[in-house]
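The two complexes that follow have subunit A in common; it is paired with subunit B in the first and with subunit C in the second.
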Partner chain A sequence: MRMMAWVLAAAALGGCTSTREMTAPGYRLPPSVAIALPRADVEVGRISIGGVAQADAERTARARAEIARAVSVYLRHDRVSAAPDTPRLAEYEALHRTVATAIALHKYGEVPLPTKHGRFDWTLGPGVRSVIGAGDHALFLTVRSYESDDGRKAMAVAGAIGCVVGLCLLPGGGEHIAYASLVDLKSGDIVWFNVMTGGVGDPATPAGAEALVAKLLGTMRGAK
Partner chain B sequence: MKALATALALAQAMPGDEAGLRMQMDEAERQLRTSPFVVADPALNAYVGGLVCRLAGPDCAAIRVHIVRTPYLNASMAPNGAMIVWSGLFLRTANEAELAAVLGHEIAHYRARHSLRAFRDHRRKADGWALLGLPVGLVAGNLGYSAVQVGLAASLSAYSREMEREADAASIALVRAGGYDPHAAAAIWSGVRAERLAAATARGRKPRGEGGLFASHPPSAEREATLTALAGGERGRDGADIYAAAMAPHWRWLIEDQLRLNDPGGTAWLLDRIEARGGPPDWIAYARGELARGAGRLEDAVSAYRRAAPLPEAERGLALTLPHMGDRAGAQAAIDRYLTARPDAPDAEMLRSMVTP
Partner chain C sequence: MPILALLLTGCGDYVLVPPGRAVGVAKAAMTVTPDRAWNRNGGLGPGKRAESWTRDGAMLNDLTFYGGIADGETLFREVDKREAPLPRFAAGMSAPEIAELLERSYRVATGTTLFALDALAPMPLAGQAGFVMRYRYTLPGDDVARRGEARGVVVGGRLYLLTYEAPAIHYFERDLAAFRAVADSARLNT
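And now, the complex of A and B:
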């Protein structure tokens, strides 16, 4: 079921690599803002030829570390600090996944809500402050990166050939989706948001994580 | 068959699947640790955890029990040692032996690493069928391809049922080793069937069928019959007294959660059974009052609430029923008694506004 939601969200936002920035109108990152970086919510793995997704614990751990490092570099070290991994953080990771999926789907995706027309008023609630601790803002990141294994890639080629002879059985490709939300710790409001679908490299490698972060945060004014 | 074997062999091996599954469950468990749906009560956790330890022996250290506040009968076991027990189980097991049978079933899943085996079975078959799909589709068209997919789903379910049968059989051994009555396991399934029948009958329906090609578990009747046969002629202790003492502080929320299911037939049946087994008369009477009020049988409701009279919740029930019978003074008195006993009741304002004009 959970995978279904990701697939739906990814499908709604289109197949190829793309990002759509969704910002509270007029938002610009203040120059001397302290950004807390909670543990990134990351899952990396592969999809087999038959479409079964298998998580990879080791690559997930590496991707989480590489993404945190890349964010810190991108936003300049002096204003970013890692937030402690408190027990209740897991609740907020889950809340962020839900809210981010709702924004992507109902504000910018296939199912727009009329009540959200012309406004951007999503929030994680003021309770987020007690979980994150110090800082003006917190940057929540959710990354799901599942690539096709070699068998599935070969199957895609075979399927394409099949189309020529009249039997089109095209397996889907990888599933990649990433959300970034900048949260004002006073109110819990999401002041800046972005979603990226499609892969830009292996987030478990330094280069892949940098490419992902550059693409995901590239539209935040005042970030660089 | 040979083509299938070749396809299965061609399906890529993917190492690290067990670590991946454990990581996903570790993540889920991070959320459980602070979830408000997880029952924090130390005594109840110590009771269920202690029973798991006595049954699991050396595996005790690897298993962590999380009691989740969900009013249905279920428990599950993850490959990282997280055992999830739904609170609805406690209303449906009559004694320690029955609880031990359910926990033993989950311990058996853990020991035989069933989650991992199910994942591998899924991957192997899905990959094998994916390779077969193309040639089958070419020969037999889209219909043939769809048939392959239905076959895959049926095959996965059949494998799941096989593992459930294994866990059932192993649970009998664990229950027996613990000195409990091995017939306890079968008793759960006869209860499940009777409750389903009562729930459906009250709604004027037939109970939904069980089993079939895509069921993850064997049908309850089959499980009951098999478990009875496995138990043989032997009996053992049922641990009813210890169980009743452990549950005594929890009847209030267990019964309130069950009532919120809006399942009058199933709930009435459960109440009868809990009563027959010496359950708490006051909470049973209160719950019957709630069912009667929900069905519009006001006089039955009032008499049930009066039998539950020492309970503040029964006063609340009277407060909500008496105005419909023209007894505003009686309702006012009931509200006063309820709010004296439960001054912080979340519905205090609502109740006051109902009577005072």
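And now, the complex of A and C:
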């Protein structure tokens, strides 16, 4: 049970389903690039009225498998390979989550950093290459999909009623946020990044995972 | 204390701190001259006498100034004063006791059980006989191993402290020189 920084990021970015991409200067993904795929960092579960998230292990495992399958299908024309699943990779997975949350808060959210104005230069550091192994790039994915529990839904209803008398408190229908970062393995720099807020279906189902992957990776090759 | 700072202080506006210019910090208790640009969090700091700067985001590199913590005061704002009160600074504390104060403050404020002091040694700060401490910790639910370095001194019964924290992977080493440049430039406005 925990309240995480990503909850703040999701709240800062708003509740509607949307994506916002960002690329490093000069970014252009070649047509036949080798992309390594670390294990997708996925949590699916429920969130309480206080913003405390509780992961569902069974649904998380299903979502992770469905998202991995959907990514493989989506990138079927690329030279993709699975990165070895090691404890060291888990450390980079956690670092990616932190970097992605910082990008979401400070590049897209309402707390911009003056030193980042006109720049996109976040990185995982050059050491990521030794962890990922082969490939030109690595595609890191983080997905957090939490549906509201009953108390939070009740608060949403009460909040909506409160709006009638001018007192609105709408906690929303859940917290959904997903990050995708394409990392240049020569430098460790994030050269393309996308964040998606709002749900597009249950990622533990084939259709939900496919919709999420299509929306999240849709602009990776620059096609908008 | 990056994530806790984020949760405690909310999302205040950031203001550019340009390099090469002396600037008062932590309610003007100290003056420092950074050698590169930082972003100053204009919101509430993690403590009454604290101010935080970052370069890439509070969770990626966090420089916090604690300016003149007086006898009986805490480093951070209380999170749960009734059930888990924060430890308080005492004017006569030695460097090892201040290191323990920092560790216990983190343990109480964040709930972490993973905090280790790696080194503690004498080092001047602002021309006074101070100390440097190095430590590492992981916050609950965060899973990112972080390292920290702190420089401090007690002058006139008040604690002046600078802490720098970042993920152990890449970020800590990359920005350590920037922190040390700030710490080496510190002057106390006592």
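Simple rule for what comes next: the second predicted complex is superposed on the first by the 186 of 224 C-alpha atoms of A that agree within 3 Å, B and C clash if a C-alpha of one lies under 4 Å from a C-alpha of the other, contacts with A are read in each partner's own complex, and residues count from 1 in each chain.
Here is the rule we use: contacts are C-beta pairs under 8 Å (C-beta built on N, C-alpha and C of every residue); 3 or more make two chains touch, one makes a residue touch a chain.
Computed from a predicted structure; not experimentally measured.
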{"item": "Touching partner for A:G50 - first (subunit B), second (subunit C), both, neither", "value": "first"}
{"item": "Which superposed partner A:A94 touches (first subunit B, second subunit C, both, neither)", "value": "both"}
{"item": "Which superposed partner A:V111 touches (first subunit B, second subunit C, both, neither)", "value": "second"}
{"item": "Shared contact residues on subunit A - subunit B and subunit C", "value": "90-91, 94"}
{"item": "Subunit B - residues contacting subunit A, complex", "value": "11-12, 14, 16-17, 19-24, 27, 30-31, 33-35, 119, 122-123, 125-131, 133-134, 137-138, 141-142, 145"}
{"item": "Subunit C-touching residues of subunit A, taken from the complex the two chains share", "value": "2-5, 8, 12, 90-92, 94-95, 97-99, 101-103, 105-106, 109-116, 122-127, 188"}
{"item": "Complex contacts: residues of subunit A adjacent to subunit B", "value": "43, 45-46, 48-52, 54-58, 60, 87-88, 90-91, 93-94, 149-151, 155, 158-159, 162, 165, 167, 169, 171"}
{"item": "Footprint of subunit A on subunit C - complex, ascending", "value": "3, 6-7, 11-16, 37-39, 54-60, 140-145, 167, 169-171, 174"}
